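The structure's right below; bear with me while I get my questions together.
The chains carry the letters A, B, C, D, E and F, assigned in the order they are written, with residues numbered from 1 in each.
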Amino acid sequence: MNKTTVVYPGSFDPFTEGHLNIIARAAGIFEKIIILVGHNSSKKTTLSTKERVSLIVEVTKDYTNVEVESFNGLLVDYIRKKGVRTILRGMRCHSDFEYELQMATANKLMDKEVETLFMVTESQFSHISSSLIKEIISLGGSAKGFVPAVVEKKLIEKLRPEEKRRK
Amino acid sequence: MNKTTVVYPGSFDPFTEGHLNIIARAAGIFEKIIILVGHNSSKKTTLSTKERVSLIVEVTKDYTNVEVESFNGLLVDYIRKKGVRTILRGMRCHSDFEYELQMATANKLMDKEVETLFMVTESQFSHISSSLIKEIISLGGSAKGFVPAVVEKKLIEKLRPEEKRRK
Amino acid sequence: MNKTTVVYPGSFDPFTEGHLNIIARAAGIFEKIIILVGHNSSKKTTLSTKERVSLIVEVTKDYTNVEVESFNGLLVDYIRKKGVRTILRGMRCHSDFEYELQMATANKLMDKEVETLFMVTESQFSHISSSLIKEIISLGGSAKGFVPAVVEKKLIEKLRPEEKRRK
Amino acid sequence: MNKTTVVYPGSFDPFTEGHLNIIARAAGIFEKIIILVGHNSSKKTTLSTKERVSLIVEVTKDYTNVEVESFNGLLVDYIRKKGVRTILRGMRCHSDFEYELQMATANKLMDKEVETLFMVTESQFSHISSSLIKEIISLGGSAKGFVPAVVEKKLIEKLRPEEKRRK
Amino acid sequence: MNKTTVVYPGSFDPFTEGHLNIIARAAGIFEKIIILVGHNSSKKTTLSTKERVSLIVEVTKDYTNVEVESFNGLLVDYIRKKGVRTILRGMRCHSDFEYELQMATANKLMDKEVETLFMVTESQFSHISSSLIKEIISLGGSAKGFVPAVVEKKLIEKLRPEEKRRK
Amino acid sequence: MNKTTVVYPGSFDPFTEGHLNIIARAAGIFEKIIILVGHNSSKKTTLSTKERVSLIVEVTKDYTNVEVESFNGLLVDYIRKKGVRTILRGMRCHSDFEYELQMATANKLMDKEVETLFMVTESQFSHISSSLIKEIISLGGSAKGFVPAVVEKKLIEKLRPEEKRRK
């Protein structure tokens, strides 16, 4: 078992500059990082699983020790199957703290070998939430500084369909 | 530079069952853990630096990848000198969150190569604070379950001097 | 008016080990506890009111001073009609705190005779939320330790209909 | 540019006694306050934009330096167009704090000239939320003390249609 | 064992209108309330134990089911000796929540029969802290509304000795 | 009475880049800002009142609508005497929130004409606390980015007396 492989799970709908900052920093600490895009058929997302995986692959292509995968099921099942034991999560704020605590504890209850490591989001990225970004874009604003350019372009396509039609 | 060595700094006055739980879990994830006992001449502690180091060495003796050191100065200076770049910290609760965020950010501002990883304290240890333990012992209570037995013995010696004299 | 009867209201969708722990402890303090299952026609629940009442009756059958009822309406109206004046609520974490504060204050504004007493959920149960349990079960995981066995069985029936069909 | 005009944005679904208290206090500090009723076609509200604007106009009619407008779009776009640069927001509790921090930061990222000023809701109004008020009214309770009388009347019309029919 | 006797412990340095509000409400719920004034020789207080007990006796004299005692030692030891098992505490805000959670858990670890019940401080009293009151009085301000009149008088004697001398 | 004069009170021991950022932003919103340096004989500060006033005067000299004063007493008394009614405060994080809420409420209780306006500290300054800065400097670190250069120089003189002697 490779001790220094970590799984970085999320819905990444969309993948933000904050997520990218975590990856950039983690890439220098861990041997391998698997970005795991969750797809849950009961939750509606703006971007499809395929679109999210494809955007993350493009945005993280300079990091040779980063892989992107998708899964549908319990995170602990994925982790056991892969033979890794460490989850990496970013934490932005107080409300994240409580949710993350709950998830880390639940995962540990389901498999006591699983550990979760947290990195704190750097302050300039700490006020970026996926839902806020989507609201700004759907109201016609710019998400520059919040998401990488390719992600913004894709979100505009999805959230402002009238613009696409006009072109 | 060894990517998987982490420094676990603290005042450890005293080292609790909560700290020990973090070490036990971290020992399975990282190649080497350096427990770094801070000694700051301007802060009064119940246990001397020497006593704290000695208790931690005893309590963690079964973990072959754990070392105990002490330092006096800025953590980032220690880290640079040692050639490590990763700090490990436990997080128990909301009020920890804000303090840890501040420290992690300050350390990053002083040396942008430094990263801090957090592990969440398991729930049964999450309500243990060093000051509460010392208050319980000084009022004649038992700290069993809060600190390892050797630590409790030493704290009783320090905080209930009258008992020692009576013996 | 019986001063030591308390009403323990909730949606209990589902009733968890955390709820059961509150009941077990409260049963030793108060003369009678009425577990009040709220049913609000505008909110969709996984378990019907009848199923929830029936599961709670089974799970709490060893406590002779515990009764289970359901209601549809304002809690203060129920309380006034019953002649009790004390509400019991569990509190797990910071985000509970704010919601509970709001509810306790609102109830007091509507009837200043009404008081709310809180018990803090024990740490091993503090990271259990109803929505997390349902997510784990729907993804094929085990909720052992989170909910009593009869509750888990019923949730599997509801949330994994394909399994039922296969049998 | 008028330095002392502030925009007080919100969905105001409904406008509460807490909002009114902020306006009463702000009216003594700022030269002009524009209450800006957001209408977002993708979010369903209980009261229509027209109803909300009309209720607020009536409730604030004694304040000569208060105006009521509605908008559909990004707040920073409205602000730029109007030539104001200061947003006023009320803050009730911890969970407000995080959301408000996120909004203030996002607005500043989109237009660095924009500033947000906060007033803390007075304690007797700090536990009033729009969703709680609507729940109380729909369950047949009284919202006296939570919302002005005309607002309560309108909400009863909307949330208890059967009463209206019976009359 | 009397199930409805509760112990209300604190340092009460000084006893505030917020404390009095908790007592007034609790007096209607519990059969007997013992206000327990902690005296810890290692902590310096503004008012002596004797002064605090005497002020609380005076201020609560209209409640026939309220007693005032003082203790020096572990709360769980007092509780066991008295044969009660329930602690009552007020909770004002988020930062109280974390401290109270820690104390309730520690007390339960030391004696698993001990339960802590919480009442939420009413909003008009929720911003009153003992240290703030003492700061206001020492700077020459009035603490009317924060503490009962007899308490304010005593605090002025203690914290503005020059006034006493001048008289 | 001038509606747009605000008082920005604090101990400013030391005045940080975070404080300066608030002043820079407030200078564009309000007609006049009085920075009020509190001096309380019972609280020990690293820098004297005179030193703090002098440093702030130097650091804010480019803002023509900013004045620096010092006071000893209750803030509401100063405000009444000056004929202003609005306090400005910065808010960095959750723990600030609770303290600020308490102070704003207490000031309002003592003089109901007094209002407090808050500005949220920008994220890059939100992890700067006066005590952390002093700890870093006393341990030999650099506070560049945390405090203006003249403030750092003065703190080094105060907190590393041995360096001064060696020169």
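The rule is simple: a contact is a pair of C-beta atoms (placed from the backbone, for glycine too) under 8 Å apart; a residue touches a chain by one contact, two chains touch by 3 or more.
The shown structure was predicted, so the numbers you read here are calculated from the model rather than taken from an experiment.
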Neighbouring chains shared between chain A and chain F, ordered by label: B, D
Self-contact between copies chain C and chain D, residue sets same or different by half: different
Most widely separated chain from chain F, with each centre as the mean of CA atoms: C
Most remote chain, CA-based centroid, reference being chain B: D
Turn needed to bring chain B onto chain D - CA fit, degrees, nearest 5: 180
Cα-centroid distance, chain A relative to chain D, in whole angstrom: 34
Separation of mean Cα positions, chain C and chain B [Å, integer]: 39
Multi-chain contact sites of chain D, meaning residues that touch two or more partners: 94-95, 98, 101, 105, 123, 127
Touching pairs - complete list by chain label: A-B, A-C, A-D, A-F, B-C, B-E, B-F, C-D, C-E, D-E, D-F, E-F
Chain E to chain B touching residues, read off their complex: 40, 42, 73-74, 76-77, 94-95, 98, 101-103, 105-106, 109-110
Footprint of chain C on chain B - complex, ascending: 94, 123-124, 126-127
Residues on chain D engaged by chain F in the complex (per definition of touch): 3-4, 25, 28-31, 85-86, 91, 94, 97-98, 100-101, 104-105, 108, 115-120, 122-123
Residue ranges of chain A in contact with chain D within the complex: 93-95, 127, 129, 132, 136, 138-142, 145-146
